[in-house]
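Below, chain A partners chain B and then partners chain C, in two separate complexes.
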Partner chain A sequence: MLSLSRRQRGHVPAAQSAEASAKKAKPGRLGRQGGALGARLVLLLVLLYLLIPLGATLIFGLSSGRGWGDLSALGAVFSDPDCGQTLLTSLGLALATTLLVVLLLTPTAYQVRLRLPQARPVLESLALLPFAVPPIVLGTGLLQEYSGAAASSPLVALLSLGLVPLLSKLVTTLDIPLVLICAYGVIALPFAYRAIDNSLRAIDVKVLTEAAASLGAGWWRTLLQVILPNIWPGVLTASLLTFSTVMGELTLASLFNSYTFPIYLDMTGQNDPHRAALLAILSFLVTLLCVLGMVPVAGPRPERASLPGQIEGAGLR
Partner chain B sequence: MATQALSDQQERLTMRATAAAGGQSGNRHHSGRLASLLTWVTLLPFLLFCLLFEILPVLITIEGSFTNGGSSGLSLASYQRLLAQASNLRAFQNSIALSLVTALIGGLVGAIAAYGLANVRLSWLRKLLISFCSIAANFAGVPLAFAFVATLGVTGFVTVALRTWLHLDLYSLGFSIYQFWGLVLVYIYFQLPLMILVTLPALAGLRPEWREAAINLGASPAQYWQRVALPILWPSLVAGTMLLFANAFGAFATAYALAQGNINLVPILIDFLINGNVTVDFGLGDALAVGMIVVLLVAVAIYTAMLRRASRWQGH
Partner chain C sequence: MAFLELQELTKSFGRTRAVAGLSLAVEQGEFLTLLGPSGCGKTTVLRLIAGFELPDAGRILLDGDEITARPANRRPMGMVFQSYALFPHLTAEQNVAFGLRLRRLPSAEVRRRCGELLALVGLTDRAHYFPYQLSGGQQQRVALARALAVEPKVLLLDEPLSALDAAVRVTLREEIRRIQQQLGMTVIYVTHDQEEALAISDRVAVMARGRLEQLGTPEEIYRQPRTAFVAGFVGTSNRLTARLERAAEGSWLADGPAGLRLRVAPQPGLADGTSVLLVVRPEQVTLRQADGEQTAIALAQGEENAFLGRIELRTFLGAVTRFRVRTEEGLLFTVDLPGLQAGTLIAGQRVLLSFPPEACLVLPLRENTAEPSPGNELRSQEAGPLSEEADQRYERQPEPASGRG
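So, the complex of A and B:
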């Protein structure tokens, strides 16, 4: 999901979330024109369009040929060992990726806000690039980089400071889907970076850091005990976006031969559409939980940031 | 004589002071540069990560497209093969058409729905609907494909309901969820909520004062929209539409799960070439991938240009 918002106005220190700013767009008595009514009608139709497939899928999933409300279909889904196993694999990958992204991004975004504003364009471009490089293209490149011809190319070794040969050796010896986790990290990068950077923008990083320093806190202590509690909602949003991206991602898992939940879902669905429907609802509930985790972030505290081009979304199409 | 000595001493003192000051400032400059070098070092983990997993894969793909997947010297062979087969070009045509159609429909309907949403007066309802849009925009890929099979597939709930209650047989009318227009319906499912989420903040940027001023000057609501609101909004709307385009153009999982390769799209073609069971053809795959990057770069360039334009009205 994306949400793109405008820069804070003038000297108003905090930017508003989409929700808070939507309130402002509410025109007063002039809003009761035919236009607004028509727009609300369109909204209603859109909501119907979004709700009907969900309801239809639920009914379809529960009606496995023997009338509605047959819960044995639900039981059959959970009794399949592959279901639980792939769910665990996906959970592990999602947690590892979330950890990687948060650990990489938080100190970097903080440091750039605090001391290296000149590095912002670099970060912005790196966070925008994944839009031009969809998972299927990224996977094509990564496959060649770490296991194809390029893995042994001296030019690639030179460009990567000798890290690519090292990593590709590491990947073949260790049984960790290291490249896959990092690839997930790249896909989640635009959304996670926006979330963290926007919440950094909403606080006064300089003043907080100087205050912490004057009380004798070092860099790490400032980051962990002063900055992090203040940008916690942004970090949480970034984590949940990364998490739900990985939980639903099929393309890279398929390219890297990793048996994850979406792959299982795809394979099951080709044979048994009723079971697939139930699993689709299950996926919907996972997404629901992830988004609900973000709601407090967008909700009560209006100073939560969301800025132009803020993108809270997932790359799991 | 004495005065001369005094002034000499004074001069020397001043000189020393200047030298000291100069030295000190030079020192500070030096340590500043060192500190800034050190702060750059703290970015190193992130920059290395991006180099290894974001930049290099792209460079290797580009290089591979000119060396036939790294198996030969520099040549345009991969591109010649791309252009020689009509199905490759049709894949680009299909992908662009699918993305454009869903981006335009999603962009237009989504923007209007966003305006409707911004006008919902109950705050809890508005919050609920925004959350629901977030979920729906994230509900994509394989689960979405199966949800639509369950809804509009041959035995899908809505298909059967229409047939039994309205005697309307979609599939005998030529509709199929597994073909182009079916895919359009599926893609629109995640495009609509996305556009709503992207447009809401832009709508919030329309200040009520502008509307009041226009009305005070005698503008009709239609004139307000035509002369004030739309000229301010359109860069944001174009940016949103470009985002939808990129979103659809790179989408793979939804189409793959739905049509299992029965529809000819570029991502599906690439997957077939590099993930196929029979042979792997990185050369052509790389060339197709570079083609995708080029198309997407255009979309992203328009997106950023429009965002910059939109930020003009945001108080800067």
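So, the complex of A and C:
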């Protein structure tokens, strides 16, 4: 594809290119065939690496004392009301966390890159911090902070600019696990920030912003109509990583006494490992479906889109 | 009052002063070019006008209104960037429509104006192409149409042709000029390419070290530079420092390096002993083959400045042939001769090099000033054709042995 478009742009005269390719045809074709075979082999190995555990888990889930292919375990999984309820809870938490992370990080990363480039190292360090703090420490600390006496401490209120008392109040008045969602946001931060920041790095944020401003666009409009469409793959990656992180998170949910799907899975696994295996497969499929559902939202990038006259356009450069 | 006025603009970045008290007035419908070497502050001035930077001091007035602190998105300016800055996710038509949609114009009106503007820049058949499907020149045309779409009061162009190849640059600069004249648009154009500046501008503002060195028509800038910097930066020139003497004789002589004496036109107002920079354009110098008798006569008559020398280098440049000639006194001259005059002159040949006193531009040496010394009247010169190397930079000028002015 690359060589074709280059030729069309006039970098390589067609005749010269054809001659060169004719000279190299034999070894080139052999080389290409070898390369394709190698790539297929690697792909096959990767697929086996991914699918064998899943297949084994499925086989284990469907095999009980009555032999392989026992679908009663599957029926039991779907008949248990806790299954659907915890799955919905996890999905809700994952969705809320994803929204929080994307809505918070995208404008922040954009603003930092645009106006405070000197703050980028600080933000990068902060984004890596969750790797250094185990979830159990994070969960315990947050619980102490928001549920304990610390929430009413004037010093904490001052240091947190009033956010801790406010969130603490919201936690008690609203029936939403706000602190848990925030905690999930913190553990997803390293993946999400990196994905969004990398996308921002790929475009000239400053010049695009100035171009939009010269046409009359303000900050928000520039972010939504110019920057966001161009970093959408990064935002989508951040969303997918956050979503799947939350769907599989156990420690924080356990500490926050939230009955999520991983907790249900863990509890089930202690009594019936076959059902737990089926639930693991179910969890995988639900996450996969959600992820696949998100991909079309991103839409095809212009570069990959099949556009009318694409080839002709390249040829007319 | 001028349409756009910059009053004592100052802008520093850290300890670097990018713009130092610059004042400038631009008339409506005028094409003004800010010309200068890299780092002279010309782009900063443009960004101050656009509102991307705020000045430390000074005021910007547009049509009588002060816009100094107005945000960029509320200034009636259009901007074309060196890197095109097209929105990658939008087609050419959508890029042009961006500003129109922000103004909530009806869809039919947006389509109509996009069509008109794309036709204006000759890209009607590329309306549905994405930026990556367009060549550099085409992208810059789309950027131009996009900037024009919002009907700005002033169009700002920041080195819009720098990223393009030479042939496209010439074509596109002519198109920019045509469109500007067709629409009667006020344009401020930034470039470091003097040929580009001289070719398309109504007036040129030459900048150095954040200051305005000279403001004038392209002809004035080339023929009557007012500072040593402008003389060196615009066009190719031979320069040497000298001291004026024998003022009483009317026709002054300069005491150049190694006791060399040059005849220059009278310089009323300049005192005897003043240190000056003499500038001689390459096209003002003539060369002819040195033969004994004629050469002796020419040198003896002394009406022109004449020197014997030897051609060191002959370079064919198309419209002119450029010679590098070293005189017997050790001075190195650059001489441009039209094709026919270059004739049979070849490298290594002994020649008589001469130029009339009127060909010498005399600039009193006073560095870091935009104004010449009081009373100095620069001599008008015959303008020769701009050579293809007219964008030769000050630092790269071929120089006489006396050193730089």
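The working rule: the second predicted complex is superposed on the first by the 232 of 317 C-alpha atoms of A that agree within 3 Å, B and C clash if a C-alpha of one lies under 4 Å from a C-alpha of the other, contacts with A are read in each partner's own complex, and residues count from 1 in each chain.
By definition in this document, a residue touches a chain if its C-beta (ideal position, glycine included) is under 8 Å from a C-beta of that chain, and two chains touch if they have at least 3 such contacts.
On a predicted model such as this, the values are computed, not experimentally measured, just so you know.
Student: In the overlaid three-chain picture, which partner chain does A:218 touch, first (chain B) or second (chain C), both, or neither?
Tutor: The answer is second: A:218 touches chain C but not chain B.
Student: Please indicate which partner A:254 is in contact with in the superposed arrangement: first for chain B, second for chain C, both, or neither.
Tutor: In the superposition, A:254 contacts chain B only.
Student: Which partner does A:229 reach: the first (chain B), the second (chain C), both, or neither?
Tutor: Touch status of A:229: second partner only.
Student: Identify which of chain B and chain C touches the larger number of residues of chain A.
Tutor: So, of the two partners, B touches more residues of chain A.
Student: On the A-aligned overlay, A:166 touches which partner chain: chain B = first, chain C = second, or both, or neither?
Tutor: neither
Student: Once chain A of both complexes is superposed, is A:204 in touch with chain B (first), chain C (second), both, or neither?
Tutor: A:204 contacts chain C only, not chain B.
Student: Go through the superposed model and pick first if A:47 touches only chain B, second if only chain C, both, or neither.
Tutor: Only chain B is touched by A:47; chain C is not.
Student: Should A:158 be classified as contacting the first partner (chain B), the second (chain C), both, or neither?
Tutor: Neither partner.
Student: What is the shared patch of chain A, the residues that chain B and chain C both contact?
Tutor: 308-310, 313-314, 316-317
Student: In their complex, what parts of chain A are in touch with chain C?
Tutor: 203-204, 207-208, 210-218, 221, 225-226, 229-230, 301-303, 307-310, 313-314, 316-317
Student: Any idea which chain C residues touch chain A in the complex?
Tutor: Contacts found on chain C: 50-52, 71-74, 77-79, 81, 83, 85-89, 98-99, 102-103, 126, 128-130, 132-135, 146-147, 149-150, 156.
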